[in-house]
Each structure stands twice: as structure tokens, then as C-alpha cells.
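So that you can tell them apart, the chains are marked A, B, C and D in the order they are listed, and the count of residues begins at 1 in each.
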Amino acid sequence: MSTSEKIVLAYSGGLDTSVAIGWIAEATGAEVIAVAVDVGQGGEDLDTIRKRALACGAVEAYVADARDEFADEYCLPALKANALYMDRYPLVSALSRPVIVKHLVKAAQQHGAGTVAHGCTGKGNDQVRFEVGITALAPELKCIAPVRDLALTRDKAIDFAERNNLPIETTKKNPYSIDQNVWGRAIETGFLEDIWNPPIEDIYTYTQDPAEPRDPDEVVITFDEGRPVAIDGETVTMLQAIEILNQRAGAHGVGRLDMVEDRLVGIKSREVYEAPGAIALIAAHQELENVTVERELARFKRTVDQRWGELVYDGLWSSPLKQALDGFIDDANAHVSGEIRMVLHGGRAVVTGRRSGQSLYDFGLATYDTGDTFDQSHAKGFIELFGMSTKLAAVRNQKNG
Amino acid sequence: MSTSEKIVLAYSGGLDTSVAIGWIAEATGAEVIAVAVDVGQGGEDLDTIRKRALACGAVEAYVADARDEFADEYCLPALKANALYMDRYPLVSALSRPVIVKHLVKAAQQHGAGTVAHGCTGKGNDQVRFEVGITALAPELKCIAPVRDLALTRDKAIDFAERNNLPIETTKKNPYSIDQNVWGRAIETGFLEDIWNPPIEDIYTYTQDPAEPRDPDEVVITFDEGRPVAIDGETVTMLQAIEILNQRAGAHGVGRLDMVEDRLVGIKSREVYEAPGAIALIAAHQELENVTVERELARFKRTVDQRWGELVYDGLWSSPLKQALDGFIDDANAHVSGEIRMVLHGGRAVVTGRRSGQSLYDFGLATYDTGDTFDQSHAKGFIELFGMSTKLAAVRNQKNG
Amino acid sequence: MSTSEKIVLAYSGGLDTSVAIGWIAEATGAEVIAVAVDVGQGGEDLDTIRKRALACGAVEAYVADARDEFADEYCLPALKANALYMDRYPLVSALSRPVIVKHLVKAAQQHGAGTVAHGCTGKGNDQVRFEVGITALAPELKCIAPVRDLALTRDKAIDFAERNNLPIETTKKNPYSIDQNVWGRAIETGFLEDIWNPPIEDIYTYTQDPAEPRDPDEVVITFDEGRPVAIDGETVTMLQAIEILNQRAGAHGVGRLDMVEDRLVGIKSREVYEAPGAIALIAAHQELENVTVERELARFKRTVDQRWGELVYDGLWSSPLKQALDGFIDDANAHVSGEIRMVLHGGRAVVTGRRSGQSLYDFGLATYDTGDTFDQSHAKGFIELFGMSTKLAAVRNQKNG
Amino acid sequence: MSTSEKIVLAYSGGLDTSVAIGWIAEATGAEVIAVAVDVGQGGEDLDTIRKRALACGAVEAYVADARDEFADEYCLPALKANALYMDRYPLVSALSRPVIVKHLVKAAQQHGAGTVAHGCTGKGNDQVRFEVGITALAPELKCIAPVRDLALTRDKAIDFAERNNLPIETTKKNPYSIDQNVWGRAIETGFLEDIWNPPIEDIYTYTQDPAEPRDPDEVVITFDEGRPVAIDGETVTMLQAIEILNQRAGAHGVGRLDMVEDRLVGIKSREVYEAPGAIALIAAHQELENVTVERELARFKRTVDQRWGELVYDGLWSSPLKQALDGFIDDANAHVSGEIRMVLHGGRAVVTGRRSGQSLYDFGLATYDTGDTFDQSHAKGFIELFGMSTKLAAVRNQKNG
């Protein structure tokens, strides 16, 4: 590899990827371009991170503000799909990988790099999301994962950082492995690997303890074609909607999740998440669908939503099937407009009212009081033919004893 | 119709079915046999109800204690299917209809009745569940619904009761229409027909206000092949498991539901439910499945579970498809054995620990600490071939611009 | 009903609908507007039919040439969905109903009619397709079916025609009940109602006897995004593509079908069809999908295609779910472009070659000869992780004996 | 590896696996036990094959007659599932791998071998079927594939055979790569890797040219719960049923398939098959299902059948999901009993009659002639409520312009 060979590295600012800059350069002779992507993970100032990359030996360092893009093009489709992997997990990390991938590929193309590097290990989902994501956008790019492919263990990383005097703390290991963005936060840690152990309060930062007594909060979310456009009447962007609900739902402990999860690589793992905004928005969106989406469309959409979630979890964001499902999901959201009133309290986001110009709820047909317009004379014929095939099977079975 | 013609009536003890005894007799000339089925609905003493039926003119009155049967043969399959119609409703009424139907058909066959009568209106799901359920067990039986087919309106019922001096209160209308059994409770009422109105505390009886401050309760549920067999180490029947959790989860306000729902007859209706035991058991069962069921089986089971719930909701309990799905669901539960620890508090039933001799969670493969047995060298090849078809599509699309 | 009340009648020119003109007028006092829709059914001249309607008492008579519209907007979507109900039936009648409905509704709106009438009986699928189709386009319109709702039996029809001297033959009953259009032909008749009886040669008109010895025909069909655009290099419209293949495939007996079918009204019926063009086009289209559609998209599309076919069979052409599925199917066809070579012979349409600029078939990856570019070193890791969840289940089961 | 280490080799008698005996021994120092499994592949005498293995250096050689087992436990479940991967391929090779695996594992356990070897390359499906199949039955066993893992190329194999004077022909390469068993035959060859090239007559051995004029053959197949039990009234085993229909349907050219197929490893390949018995049996079985299986069960079974076929194709025969689907499929076949009459001619197996004591076809309900028992008065109410949700959506959409 000539000295002009370039590698784009997905840079987080932490020990592993800071060391990876030099480690990759030593192993391959390539120049490393560090790219950090802001998906609302908060924490350190991104310019600080950018400078650290340069100090660690990157030939260039780059910070992309992808927060609105992430909210609009990744979180919103997930909301429209009510995306909950295994009926629980709102795809926090799984959603951020494709937008990071997009910026890595863009950087590689701008700088003429032939390889993209990432900091994942060889036993998680994220390596698949990075590498299949990259191949789907730029099949000519190669991928490398120093931890997995270049034997960059934690001990070697600390040793390398100290030996090379890198501007990164190596003294104490964070007990938690965290991935966070505006859609939520994922927590892994040693004691949770015993699946009988409960999570402790200490691990949460997006949510307050739901058991603390406090007054409930009431919020009205306005949707337009599946997209939240106002909160309590104030117009919001998708990013603002998530941020506001992270605050307000998080203050009531909404969105904590603790589950055993099926990884793509075939093993089960224990995962703890907090995603107050995502969980509140999905609950509101689902109920607005109940009001505005026709029954057979709603029934089939559950199958589509499930598959969508599996595909995104499995790293197939840019796959042909995922794209075709998006068309279906957008179409199904065409009438998901209206208002949902919700109470946030004690860890729960509970819908208490819905109002929509696109409603399929017909008071006249539904009421048992004065004003009932439902013609009950249709029922007998309906039941007879609806049950006909079951009846014929019963007659047959009776005859055959 | 000769005087010896007999009709079996599903009898609840309330105004409508009490009047129906005489109303049917007048309209058809048949003798009416009243059958009440105890599915854990509580309320009035069943012997009192039986005597009222006789006092209202029934030639025979019959009370069937179906509580254990309902729990074992109807609620347990629903639990194994994690049955939540529209991802929310645990099928409270939908589950009780088939066991009531079974006892109605049995009574009809014992007494030589050719017709079964029920108290449903012509715009709900229950008429379908009764009539398709009956035809599936005894296709030769006819069905009649006095409210729908014999013009038995509320006003006429009050008038009839007063005119005939029936031993049933007619003075004040209960503001709520309630259906309840051990698996849960359904509430409909006029002001909730405005879907913007929130439920009020007054309508609930199975659950306490979740917002009240109180100390959390911790419970350990032991499952054997999907069936709860012990609570906190004490052996329980299915019925006891539900009853105990109705108490304990109900005391913390678990299991309140408020939703707009798609009825089989094509309209949307607003429904409020409370089902503390059902919701707690399903949450526990789902998480034990996460630990013990292989990924692809778990993914497909979601589709099966959804269809199972739709069929039961739609009154097709005894349909050939429902029966074939039961076989799949039982098979999928063969390893769902172990213990789930759960905290009940503030309206939430939260799993905090799982322990199982049938666990597929492998600490060695999952851990990031010492003892990791996962061979990360497999990942590269896996990713390459797993992503191959997506990559080839990307190459093709790139080539075609 | 005032004399100015108008009813639009779906008019075929046959005995039943000719009589229905006067029958409806007598029963309702309304003026009848007869609308015939040309969907390529052939047979009588349509102007003759139009004049007959007037002679039978219609106040207006109207012939709509919907052949291209039917081919482009109804047959083409079916082709893109490889639509075969129960894996066999290409939805011949089911497809034509919605386009007829569209023209009936248009006529009703133009003439201010409040009711649409059709000639279906009360036990088939077509009544549902007409009436749900009409309600989906114009929910304010009422529907009436004289045969079902106004007791217009065959005997009464003959009597009415003779009594009123209608210009329509009543002497001999056609032994076959036929529905045909450019997409195919459906045949019902008394002796086929015994499902052990084989069809006889006599009933077919679109197809020659496949058992006759003749020389094979070879055809090359060019598709563009799922649409056939050329045959043997000659540009064709969708209508022409079907017509040409009806001729050429029909000459070799392609597309005869004989099956027991599940009707929407809950019964099973014996149906015989011939659809040479449809079957040949679907076979070609499916194989071009095999070449150009990515695996996971292709797998999920089978589920979508099946549901699409069920919905159209069940009369839900204009339902929200059908429309959302169309979006998915169009997207999945975006790359279905290229050429299929097919041999037509002996009742079979057999693909023998495929060629596409959108092909995902990669010779280098597929070949076992010189030029193999497949890197076999990936396989071991792939198999290990692909099989991991199955392996862990095996280990668990072994441990638990 | 000590000299007492043992490896069980899946032995075919051909050049590759004959050389593999010594090749493996040299590479690993292990003793090789050759196991050939008779799945009805025909060809060379199996005792000859066994002796060749010994002459090539196997310490033991073993021939298992698995023909009835293969037919009863592998082909029959496939028939019950109407298993056609991509709606075409009856899983010929995919079905035989699990039974071969079963015998390899049995041999390994009997002889205390810790490793199983097979002759597959690294780019096909069969390596996955062998290795995942083995891990599912005996997760402690290791797998090795000399062609893929020990660099045993064709050239090296010829060289090794000649150098070691092995009793196996090396002079000319068979132009075709064949895999065959009683359920069918798969053919790959260089010129077919150009997917525009048609197959030539030369490659087929199970089927005669369908274009040859000959008299049709008529056959009646009797099924009992999905299993063929008699042909033309003569009792048969499953194996005999397949063999007889291979003869009779093969004589008329039934069951030739030519398709582009999605491999599990992510590439598309061109495959040609012939499977006369399988295709004839599946056609008959499908139609008997049409007659005896209730509609909703039949509709869902298509989804189950598709997934079953994908799982078996993908090498997941022994996976938990496949096993749970088997339960569903068996249940769905409980009433699939009766007779199917079929004409075999010109490459087609066409059902012409069905007769069953389990039939759900009701002549009285189906007929349009005298004897019609269908009560058409039910239709209006059915249509109204069946179309209600579509109508409400139409009203809503109209209102919102």
C-alpha cells in the first residue's frame, strides 16, 4: 500500500478509535481520515473530538452534523413503521448506522479512499450494519475493523496510547458500554450479562426513575401523514419533536427497556435501552393509525412493520426489500394525520384522546345511544356467509366422526 | 313451533336476557332453558341468577362452573400465543364466548333443543362469536338473537319486565356496558364514544389508580412449557395464577387499556379494558420466549400469534386454521420453561430477571469480559455472504445509473 | 321513486340483463340507462348490443371501449403481481369487474343516477366485486341485483321477454355459463358440477387441443419494468401483447385450467378457465423476476402477490390495502426489464432463455469453470454464524435430553 | 491428531470423494470411514462403490439403504407442504442432504469419529445443508470439506489418483454435474451457465421428450391424510408411489424445470431439474387440498408452505422453526384423503377428476341447476358488512378531497 492510500475511519473520540488511527496506519501504511457523525449523541464537544483525531495522527478530521438528517430520514421512517424489534426495541443503534455509513462513504468518495474502517468487534450486529451498509452504497469500497481484523485488543490499545502519548484517557475503564443518539440509548455492562440481575438506577441518563412521585404531564402531539409536526400546538421539526419528548417523557421515566434479544450473528444477548421520545412517539402514532387506517391495511401493515424492523436490525437498511417496504409504509401513512393527547407519568405514555379529520371512527355507527345509524339487519347474512366455510368443515368432520 | 320445541338461552341475569326468556317464548312458542356460565365474572351469586331465570319463566335453569376450563383451555392458549389483538387487547370477551358456546351447545344437545339464543346486538363482534362458534360445534343448531331479530329494544324490555312483574330492576340504566371474566374486563359507555374524552377513574374495578404512590411488589412466576405453574414458588393452577395476578398486578394499576379497535363488522369502536393478570402474564411469557425460543421460530411465531389473535377476535375459535395454529404454538412453547422475576408498580409489570434450564442465552458467547468463547473470525465470511445479494443489487443499480 | 329517478344497469346484451331493463323499470318506476363495457369479450357487435338495450326499453344505452384501459390498468398490475389465485387462476373475471364498475359509476354520475344494477346472482363472487367496487368509488350510490333482489328467475325472464316481445332469443338455454375478456375465459356448466367429470374439448374457444401434434412456436417477449413492450422485437401495447399471445399460445393449447376454487361466499366451486396470453405472460414475467429481483425482495413479494390476488378475487380492488400493495409491487418491478425466450407447445409455455441489462445473475460468481470469482473462503464463517441459533438450540435440547 | 482419530466421509464413489479418502488421511493423519447413502440415485452398484472406498484407503466403508426412509420421512413431508422453492423447484438435492446427514452422524457416533467430511465446494447450498444439518443433530461434531478447506482441486485430484493408482477413472471429465435421487435429478453444466442457452435433450434421463407424439396415460392416485397410498387401486408405499410416477410421468416428459434460482450464499444460479414423480404427486396433492381444506387454512398454509420450502432449501431441515411448521402441515393434511384422476401427456400432469369422503365441495350449494340449496338472501347483508371498512375509507377520502 502506497503512502497515498487513504482509509476513512468512523471516529467516536473514545480510546479504541483514537488508537485505531495510528494502529491502522502502522498496519497498512495508509493515511487515516477520521470522520465523526453527530446523530445527537451529546457528550463531548465535537470540535474537541475533531482536534483529538488530528492529534492522534489523522491526516484529516471531519465532523458531520447529521442530526436533522437522522431524525427526518431515519427516525421518521421508523416511526411510520412503528418499528420495535421483537415488539420492544426501537432500533436505536440500528437506525444510526446507516446515516453514519452514508457520511463515511461520502468522505471516502471525496478523498479518494478505497477502504472504510470502523471500531466494531466481531460478535455484534454493528459490524454487519456498517459493512453491508457500505457495500450497498459503494460496493467497490473495502471494509476493515481493527478490533476484529487487526487484533486491536483493549490492553494493546491502552499500551499503544500510553506509548505514543495520545491525548486520550486510559486509566479507568468505563464500566458501561454505551451507544446513544437522539432516538435513544443502549447500555451493556458486565453485571447485566447475568440475565437474572436487575438493572440499577445508575445506568440511566435519558430517563428519571419512574417510581419517584411527581405530577403527570399532558402533551398533545399533532401528526401529518405520520410525521409529528406540532407539540402542544407549537410547530416542530422531527428532530425537535424527539428532543422535546426525550425531555418530557424522560422526566417521567418513560421508555426504559430490558430484554434478551436475538442478534443477527445467532446468539442471544441482554440489552438495556432507554428511549423516552421514541417510545412516546410510537405509542401516539400507533393509536392514530388505529383511528385512521382501514382494518385490512392495518392487519397487513403489522407484517410489513415487523419485517421492516428485522431488516433494519439486521443491517439491511439499503436493501431492495427495505426500500420496497418503505413505499408501502408511506402509502399506509397517507391518512395518519390528527392529534393525540397523551399523559406522561410513572414510566408510562398513555394515550387519552384522539382527534382527526382523517378519522375512520364513525360516531353514528359506533354509538349505542341515540343517533345509531348502523343497520343491524345486515348482520344475519354476514354471519351466515362469513362462517360458511367453517360450518362446512364442521359438517364434514361430524359426518366423518 | 310446537310447545315441546326448546330453545337454550345464554343467560346473564341482567334485564335483557331476563326479559328475553318470556319474549322468546311469546314470539316462538318455545320453552326456554336458561344457561349461565361462570367464567369468573364475579358479581351476583350464581344461584340467585339461576333462580331469577326460573322466576322469569325459564322451564329449566342451569349454571355451569367453567372457571378452570376457561383458564386452562382458553386463557392458556391465548397466553402461549401472547394474544394481543392490534398489539393491545388480550381478547377478554373474545376468549369467553367459545367456552360459553360449548356449554350452550351441550345444554341444547342434552335437552333436545334445536335453537340457541343470545343477548347480543347486531353491530358487535359477539353475535359472530356466538353464532359461528355454535355452527362450528353443532352445524344443525339454529341461532336467534332477540335484541337483533325480535326487536327487543331496551324500552320494550323495561315495559315487558314491569308489565310481567319480573324480579329484575328496571328503574335505572347502568351507565356502563360491562363484560367481565377472570381474564379481564371490558367497559363501554356513552361519554367514551367521544374518542377525545379520557377515561375516568370511576369505570375501573379490577385495577387501582396507577398514579397513587405505593411500594412496588416483586413476583416470580414459574412457567412450564408456556404454562404458569408457580407464583413465588407456590404451585398454582392456571386459574389461580390469573386470580393472584389480577389481585397483585391490579393493586398497582397494571393492565388498563384504552384504544380504538377494528371490529369484525367493519366499524371502529372505542374500547376500554382492564386485564391486570393477563397483561402481567403475557409480559412474563414473552420475555421467557425471548430467552428460550430460537430466533427464526420466534420471528415466524409473531406472524402466527397475530393471525391467532385475529381469528379468535373474529369469532373463529373452532375454525380449522385456528386449530392448526394451536399445534404450531404448542410446539413453539415446548421449551418455554423457567422463571421470570417481575416488578409490579405504577401501572407497569416490568421483567427484571429470567432464569431457565431451557435458556438459549449463552453467557460465554454473549460476554465481552473474560470467558468470551465467541470466535470472531467467522464474522468476515458471514457478512460477505449475508450481504452478497444486496451487494449484487447495488452493483447492478450503479451500473445502470 | 319519481319517474325522473335513474338507474344505471351493467348490460351484457344477453337475456337476463335485456329483461332486467323492463323488470327494474316496472319494479322501481325508474328510468334505466344501459351501459355495456368492452373488455375484449368479443362476440356480438357492440353497436348491435347498444341498440338492443334501447329496443328493450332503456332510456339511454352506452358502450364504453375499455380494452386498452383494462389491459393497462388492470391486467398489467396483475401481471406485475404474478397474480394467480390459489396458485392457479389468473383472476379473469375478478379483474374485469373493477373496470366495468368504473364505467358504471361514471355513467351514474353523468346521468344523475342514484342506483347501479347488475345481473349477478346471490351466490357468486361477482356481486361482491360489483357492490364493494361501487361503494369504494361512490359510497353514496345504491346497488340492486334483479336476479337476487327482484326475483328475476330464468323462467320469469323468458316469460317476460316473450310477453313483451323483446328482441332477444329465449328458445334454447346455452348449456354453458361463460364470462370472457381479453385476459381469459371462464366456463361453468352443469356436468362439470360433478367434480369427478373431466372437461370436454367442446367447451374451449380460446385454446386448441394441446394434444394435437403440431410444430412448436418460439417467442421472445421484451419487458420494461414488468411491462411487456415488444414481442419478437415488434413494439406492442399491453393489449396487443395479450391478444398476440392469446393467439399464439392459444394455438398450442396453453393456459387451460380446471380446479376447485374457494369462493368468497364460503363455498367451493368447480371452475374451468382458459387464459393462454395471461398464463404465457405470467410464466415469462416470473422468470424475468427470478433473474432481476434480489432474493429477500423476491421472497417477501410472494406473500404480497398472494395477498394481492386474494384481495382482487374478493372484490377489494379499490381497498386501501390493495392500493398500498400496488406501490410495493411497482417498486419491486423497477428492474424487471429484459428479454425472455419461450417455447409454446403442447399446452406448455416453457422459458428457454433470459437476457437482461438488469440481471443479477453474475456469470463469474456462478460458473464452476474458468473465470470463477467467488471467494470460497467466506463460506466457513458464513455457515458457522448462519447455523449458530440452530446449533445453540441443538446443544440445549441435547443437554435437556 | 493421533492415528486413532477418525473421520466419517460422505462417499459418492466418484473421483472427488475417492481421492478425498487419501487426501484427508494425508492432511490430518486421521482414519477415514466412507459412508455411502442410497437415496435412490441409481447408477453404479453400491457394493462396487463400497469396495472402491476400501481400495482407496478407507478403514471402513458403509452403505446405508435409506430409500424408504428418504421417501417416508423426507419426500412425504415435502409433498404435504407442496414444497416448490420459488414456486418451481421440488427441493430434490435439498431433501436428500438431511437423510444423508443423519446416516453420517450415526456412523460418526458408532465409530467414535469427531469429524465429518463432505465433498461440497464453497459456493453452493449443499455445504450449508451438510454442516448446519450435522451441527443440529450433533453439535459436538466438526466438519471438513476437502475441496473447500484442503485445496483439493480437480487437477490435484486427478494427479493424486494417478500417482496413487486409485481404482477410479480420471481420463475424461463428465460434462455434466449431476445430483440425483428418487425425488428428482439436478443438472448443471457449462453451456447452461449462459442463461440465454436452452437445455438440450441430451441432459435428461428421468424424462422422455414431451414433444414426441404418444398416447396419453391416465392415472388415479389415492391419498390418505396427504400420503399417496394407492395408484390405480394398487396399494403402494411412498417410495413405490414416487418410483411408479417417475416411470409413468417421466415417459410423458412431465417435470422438466429450467430456472434461475436464488442460492443461500447470495448468488443466482441456473439450474435444470427433472422430477416427474414429484411434480405429478404435488399437482395431485394440491388439487386434493383444494377440495378438502377449508379456505382460511388453505390461504395461511401457502405462507407456511413457502417458509417450509425456504428453510429446507437453506439447510435448516432440523431447525426449530421447520419442526414447528411440520406440526401445522400435518394438521392441515388430516383431511386430505381421496382420489385424484390425472392425465399424463406432453409434459403435463393434468388433474381431471377428484373424489373424496372428506370433500368440502357441496354440490347443493355449488350448483346453478335444480337442487340449489344456497340461500341467496344472506348475500346483501354479507356484502354490506364485508365492504364496510372499505366504504368508510371511501367516504373519508371523498370528504377530504
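As a convention for this text, a residue touches a chain if its C-beta (ideal position, glycine included) is under 8 Å from a C-beta of that chain, and two chains touch if they have at least 3 such contacts.
Remember, it's a predicted structure, so these values are computed and weren't measured experimentally.
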item	value
Chains contacting each of subunit A and subunit B, listed by label	C, D
Pair sharing more residue contacts (C-beta pairs) when C-D is set against B-C	C-D
Gap in Å, rounded to a whole number, between the CA centres of subunit C and subunit B	40
Chain centre separation in whole Å, for subunit D relative to subunit C (CA means)	32
Numbers and ranges of subunit A residues touching at least 2 other chains	262, 265-268, 294-296, 303, 316, 319-320, 359-360, 362, 365, 377-380, 382, 385-387, 389-393
Graph class of chain-chain contacts, one of line, ring, star, complete, other	complete
Parts of subunit A lying in touch with subunit C, wherever the complex brings them together	262, 265-268, 293-294, 296-297, 300-301, 303, 307, 311, 316, 319-321, 323-325, 327-328, 330-332, 385-389, 391-392
Sites on subunit D touched by subunit C in the complex	86-87, 121-123, 127-128, 131-132, 135-139, 148-149, 177, 188, 190, 193-199, 210-211, 213, 216, 256, 258-262, 264-270, 286-287, 290-291, 295, 298-299, 302-303, 306, 310, 315-316, 318-320, 341, 343, 345-348, 350-355, 359-363, 365-369, 372, 374, 376-380, 382-383, 386-387, 390-391, 393-395, 398
Complex contact set, residues of subunit B against subunit C	294-296, 335, 357-360, 362, 365, 375, 377-382, 384-386, 389-390, 392-393, 396-397, 400
